[in-house]
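So the structure is just underneath, and the comments pick up after that.
Every chain is named by a letter (A, B, C, D and E) in the order it is written, and numbering of its residues begins at 1.
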C-alpha cells in the first residue's frame, strides 16, 4: 500500500495548493510500524509525512465534526468502510457536505498487531506483507502469519470495496477480504446459550470495563455535543464503574443509543483497552432490526430514516418479536 | 428550601374507608421539604379548597400534593384552587389514592402503605415541578379550504355563514368537483346538478368566500391559528375580470383534439374551454399544451372572436400569499387506473366504460344529451353488464385493499335508471357482496331487483373479450348456481375503486398531515376526532379521509366547519404548557426529534447558542413550536443527548417518581 | 538468593495466600490478564509482561466508598467507612509498576495524607518480578528503571523452570522466613545471565534511547505555550483510556449517590483530565477545549510533576498508553514533538 | 393407518401453500378459468372446500385434471389466493398415491384441437412420468 | 395485622399513558377490579415518553418488575406514539434477553381506556409471574442493597 501513500501525498498537496481544501486529514507515522496516528495537514511541506499501510484502522470521519464547526473545507481520506460513518454523520447533521472533500482510499484489509501478539509475536519491530503472508520481525525472532489470522476483526467482515460517498477515488480499488460466513454467528451463539450462561458471559465481559469511554469517543454515531453519560442532569451520568450492574447499563444504553444508527464499523470493540466484546451488543441490535423491521444498513446513504424513527402499523409486538427470533 | 403542602382527602368513605388517612398524614410529615400535611373529608369541596388556600398562606407553601381521586377527575379543580392563591397551577401534583388504591384494595394496612408510597412519589415529583405558563397565540380569522368539490363547498359555506372569511382553493378551472359530473344521486334519484349548482352559486356569491380556481398550494408554514400559505394561481390566459363568459371562443377554437376531462373523454373539448355550462367561475381557460397559438405561434382565433378582448396569451402564474387560522383538506378522490385490469377490456373496447363515464352518458348535459348509447356504435344497448368491486377489496398490487363503499349503491342506481328509461334493456350486476348500510339504502337496492327487474348475480366477471366486430363476451360464474356464464352484452360498466387525489401525499407532507398507506388522510382519533388531522389546525372533509357518499361527505363537511368555527371564534389560543423543550446548550442539531414528531412542531434553526464551554457558537439546534407541540414526548426519547425534555413530565420528574417507588 | 522449582510453585502460592490476600496476574473470565485474588483454581500468568490494567488499582481502586450520611427528620448522621486493614501480598509486579507506587506515594502520602491509600500501602507486601521478555512499547529505561531488577519487598526472577527469590526490605526478609521451608538456596548466575540477555534485547528496541529532553521541564512557560499542542492533540478523541491504564495517573472525583430520600453515599472514583467535566467548578470548566485538556495531561506528567517532585517524571515507561490509545497518541510522541519543536 | 379427511386436507393445504383464508368467494377464479365449463367443482369451490377441510371433495373432483395450469385464476385473484396451487396439490397427491394418474392419453382426442401445443406437451410431461 | 414476612412482595412499576392505560386503571378502580398493591403507577402523557433508561433505572433501583402500558397500536392519542414505543421496547426486551437478564420482568401491554377489567387482569397476572420469579438481583444496583 506504499504506492497509495504516495498517491495520497500528491493528492493532499494538490488539494491544498488548489485551495480545494484548507486542511487534509490523513495518517502520520509513529514510533513503530503499526502506530500510525490520525493527523491534520495544512502545510504542503508536511504532506510528505503522510503514511498509509495496513495499520490505519481509525475512521477519520469523526474529525470532520470539528472541521464543520470551524467551517474549514477539509479533505479526508476515507477507506470504503469509513464512508458509512460519513453518511451517518451527514444524516445526523453533524457534518456538512460543503465543508469536506472525500477522497476514496483503497484498502485491502487492516491488520491487528494485538492478534499478532496473541499469536506469540512479542516485541514487534517490523511487519511486511507479501500477499496473504504476513512476516513479522520481532525482538525474539521472525514470525509468519496468514493474513486471515491477523486481520482486524472488523475487516474479517469487510463490507466490500465500494465507497458510499466520495468526491473522487484514489487509484484502483483493491480486493477486500471476502467474508462468506454469517456475521451474526457470534450473536447467534450467545442467543443459543441458556439464560444463566448468557448472563455469566456478559458479566465476565462487562466487568472488564474501566469506563474509559473510548468506545463512545471513536464511534461515528456517537457525536452528541454532550453525551448523556457526561450530563449530570441525565439519569445515567457517571464516571467510573460503581459496580458490575452499572457497567451492564452503561453498555446497554450505549448500544441502545446508537441502535439504528450504528454502521457496524466495529471500532468500539477494536479500541477497547480491555478487549470487551462490545461489538456484539451493536450487532445484536442490527440483527434484531433486520429481523423485526427489514434489512437496514446505517450509513449506506445519508437520507433513509433510521428504523427507530420509523414504524409500520403491523410491526411485531415486543414479546412476539422475541419469539419470532430464529 | 421548598415548602410542600400535602392534602389527603377522605372522599367520604371512598378513601378513608380503606386507607388510614391519618397515618398517611403522619408518614408524609416526616419527608424532607413537607411543611404541612392535613386530611379532610372532601378536599374538592369549597371548604376543602379553603383549607388548602389557608394552609398556603399560613405555611408559605410553594407546591402542593393532593392525595385524592384520579387527576382525571379533579386535577383541574386543584390547579385552579392553587392559581387563585397565587401558586402556579403546574406546581400541583395529584396522588391517585382512590382509583389506584382504596378502590382496588381491601386490606387497610396494605392500602395505607400503598397510599403513602403514592404520596411519596407525588412529593418526589413535585420537588422538580417548575411553574409553567400556557403560551398564547393569535388566531387569524380566515380559513382555507383545499378542494372545491361538494365537501369543500359545504365546509366553506358553513364557515362563511358563521361570519368568517374562507378561501376555496381548487386546482381545476371550476369548482364543483366529481359531484358536478354525476347524473343522479342515490337513494333519492334526484338530479345531482340541481342540488349542487345552487351551492356553487351560493359559494361564488358569498361575501365571505373567495374562490381561487385553477390554483394550487405552493407552500405552507406556521401553525394552528397562524398558517402562512402561498397559492399559485396558474395562468388562465384569459382576463377573468373582463370575460363575460359568453363562450364564443370555446366554440370557435380550431384545436379540438383534447378529450374533455369533465366528460370523461367521451367527447373532445377545445384548447380554450369551459369545463361545463354551470362552471364557476364561468371563465374559459387555455390549455397551453393543446393550444395552437402556444404550440405553433399561429392561430389566435379566440383572441379575435372575443368581444371583450379578454384573451391574454402573456399571462403568467401568480403567487398569492395569505394568512389563515385553519386549513381544511377536502381534496376528494379519483378513480383508479384500469391498466392492470386488462382482462376486463377497458381501453380495448369502447363499449367497456367506467361508472363515471356512464354518469356522463346518462346525463342530459352530457355528450349524448342523456341518451344511453354504446360509445363504439352510437346505438342503444340491448343488454348491460355492471361489474362491481373492480380494484376494490383487492390485496394484490393491482388494486386497493379497502371497500370503496359507494359502488354498491351507485350500481343499483345505474341499473335502476337504465331500466326505468329503457325498460327493454337487460341489466345484470355482478357482485361479491352487496353492501348497503345507510338510511333507505337497502330498500333502494331491493327496489332495483324487485321493481325494476335488475339481475343480480353473485359472482365475479373473469374477463371481457371483444371480437373483431366489437361484440363483447363476458365470462363469469354464478356462484349460487355454480354455473359458468357467458354473456354477450352491448355495454359493460366497471365500478372501479376510488382512491385519494394524486396530490394528497404531496399536500400531506407540506401540511405535516399524516396519511395512511393508501394515501387517505389520517384523522386525529378514529372515533373521537374524526374530522381533525393529528396536526392542530388542519381539518378533514369528505373523500380525502376515506370512501364516503354524498350525505356522509356533507355531514363531515359540516362537522369540519364546526371545528374550524370553534377555532376561529377564539381570539387567542392557549397552548398546552406541557410541551417539549430543547436545551440548546447541548442540542447537537441531529434533528432526530423532528422525524418522530407527529405534528411537525420541531424544526432545525441555525442560531447562535452558548455552548457548554460558555463560548458562543452558531449551529443548528432543534426549536419547538409550542403552539404545535401537543406534548406526547416521542422526541424526548428519540433525542440521543437528552437535550429534549418534556415540561411537566421531565426526565428528572419521572425518575424522581421511579426512585420514590422502588 | 533463594529459588523454588515451578512444580512447587502452587505450594508457595498456597502458603502465601494464607499469609494474606494474594494478588497475582491471572486471566479473568473475559480473557484479560489482570491482578486478581488467587485461589487454587487460578493459574498465575507470570509469563505476561504487562497486565492489562496497571497495578495501581490495588492501592487506589477505581471506586472507593468514603462515607454515608443519613437524615432522620432534622437529624443528620455521618457514617465513616474505615480504610481497609487487610493484609495483601502483591506478587508478580514489574519494575515499572513498582516505580509507579513510589510516584503515587509522593501524591497520596504527602500532607494531607490519604488514609485510604496509606492503609493499603502499609498492609501490602510487594513481590516484584523481573522482566525477561520486554515488549517493543517498553521504555522504563528512559526513567532509570531497571526491569531486570525490580525493587519491592521481594524480587523474583522466572528463569526456565525455576523461580528465583531475593528479599530486599526488612518486611520482605521477615516474610521470606515464613515461607523459607519451601525455598532452597541458589546461585545468582542463572539470574545474571537472564538479566544480560534481557538488556541485550532492550538495547535493540525502538525506544531504547528515548529520553525526555531536559528542556521540556526546564521552561514551564515555553513548553506550555508551544504550538505543538494544537497540532498533536487534533487526533485525540478525549477518551480516558490513557489515564485509566496509566499506573501513575491519580486524579479522582468525589461523587454522591442518593440511595433514598434520607440516605446518601459518598464515594470517589477515578477521573481523567481528558474528561470535559474534569475539575468543573461553579463557574464552569477552567480548561474548556480539548487542546487545553490534552496539554494539561502532558504538562503534568512532563513538567509540573517533575518540577515539584525532585525531577521525577510522572511516567514509568510501562507502554500501556502506547498499546491502548485508540488513535495511537502517547507520551512518547508528545515528548518527541516537544523535543524537536523550536518554540520549547 | 387411517388418514382422516381433516389430515388429508391439512396435507393438501401444506402442498398448496396458499392461504385460502384470504378468499372472499368472489368467483373471479372460476370466471377466468378457460376450462371451467368442463369442471365439476369450480375453482372457487375448490378453494372453499379446502377452507372447510373437505379433502374428499377435492380429491374426487375432476377439476384438477381439467385444469391447464394457466394460472389465470391465481393471477386475477384479488386476494392473492392461488386455486391453481390447490389443483396442483390435488394432482400431486393423486400422483403420489400410485396408479392415481388420471390423465389418459386416449382421452386427448376429446380435447379441443385449438388447444395450444405447449399445453399438450406440458400436460404429458407432467402426468405421464 | 401482621404481614406474612416470608412472602416475597415484589416491587412493580407500571408506566401508563394518560389517555388510554391510566384511564383504564381508573376504570379498574371504578369497577372495583382488585389488583395487588405491589403495582405502582407512574403517569406519562404517552407510552412514547417512556425512555428505556427509565425502565433500567427502575430495575437498578430495585424494581422486580416493570410494565409499560399504552393505547392499542392505531389508537394513540398522538397518532403514532405507541408505534415508536413498540419498536423501542421490542429492541430493549430482546437486548435484555440477550444479556441474560430480566426480560420476563419487563412487559409491554396495550390497555385502552375501556379496558379496566383487562388492566386488573394484566396486573394480577404480572404480579403473579414476578412473584414466581422472585427478587430481581441481576439488574439491581448492589449499592442500593447495602
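Worth pointing out:
The working rule: a residue touches a chain if its C-beta (ideal position, glycine included) is under 8 Å from a C-beta of that chain, and two chains touch if they have at least 3 such contacts.
Quantities reported herein were computed from a predicted structural model and do not represent experimental measurements.
Shared contacts of subunit C and subunit D, meaning chains that touch the two of them, come down to B. Any chain bridging subunit D and subunit E, meaning touching each of them, is among B; the list is complete. Chain centres here are C-alpha means, and the one lying farthest from subunit B is C. Ranking every chain by how far its Cα centroid lies from the centroid of subunit E, the top place goes to D.
The chain pair with more C-beta contacts between its two chains, of A-E and B-D, is A-E. As a whole-number value, the distance joining the C-alpha centres of subunit B and subunit D reads 46 Å. Computed centre separation for the pair subunit B/subunit E is 35 angstrom, with centres defined by C-alpha atoms.
Averaged Cα coordinates give subunit B a centre that lies 68 Å from the centre of subunit C. Once the centre of each chain is set as its mean CA position, subunit A and subunit B turn out to be 46 Å apart. Chain contacts: subunit C has residues 257, 276 touching two or more partner chains. Touching of two or more other chains is recorded for residues 200, 226, 235, 242-243, 308-309, 313 of subunit A. Annotation for subunit D: no residues touch two or more other chains. Interface residues of subunit B facing subunit C in the complex, by the touch rule stated above, are 30-32, 120, 124, 612-615, 659-660. Of all residues in subunit A, those touching subunit E in their complex are 187, 190-191, 193, 195-202, 235-236, 242-246, 248-249, 252-253, 255-256, 259, 281, 284-285, 288-289, 292-293, 307-309, 311-313, 315-319, 321-322, 325. Subunit C makes touch with subunit A in their complex at residues 28-32, 34, 49, 52-53, 62-63, 133-137, 201, 204-207, 231, 234-235, 237-241, 243-245, 253, 255, 257, 267, 269-272, 275-277, 320, 322-324, 326-330, 332-333.
Residue ranges of subunit B in contact with subunit A, taken from their complex: 517, 585-592, 595-596, 604, 611-612, 617, 619-620, 638, 640-643, 651-652, 655.
In the complex of the two chains, the subunit B residues touching subunit E come out as 70-72, 96, 98-101, 103-107, 109-111, 113-114, 117-118, 121, 514, 522, 524-526, 534, 578, 596, 598, 630-634, 636-638, 646, 649, 651, 654-655, 657-659, 661-662.
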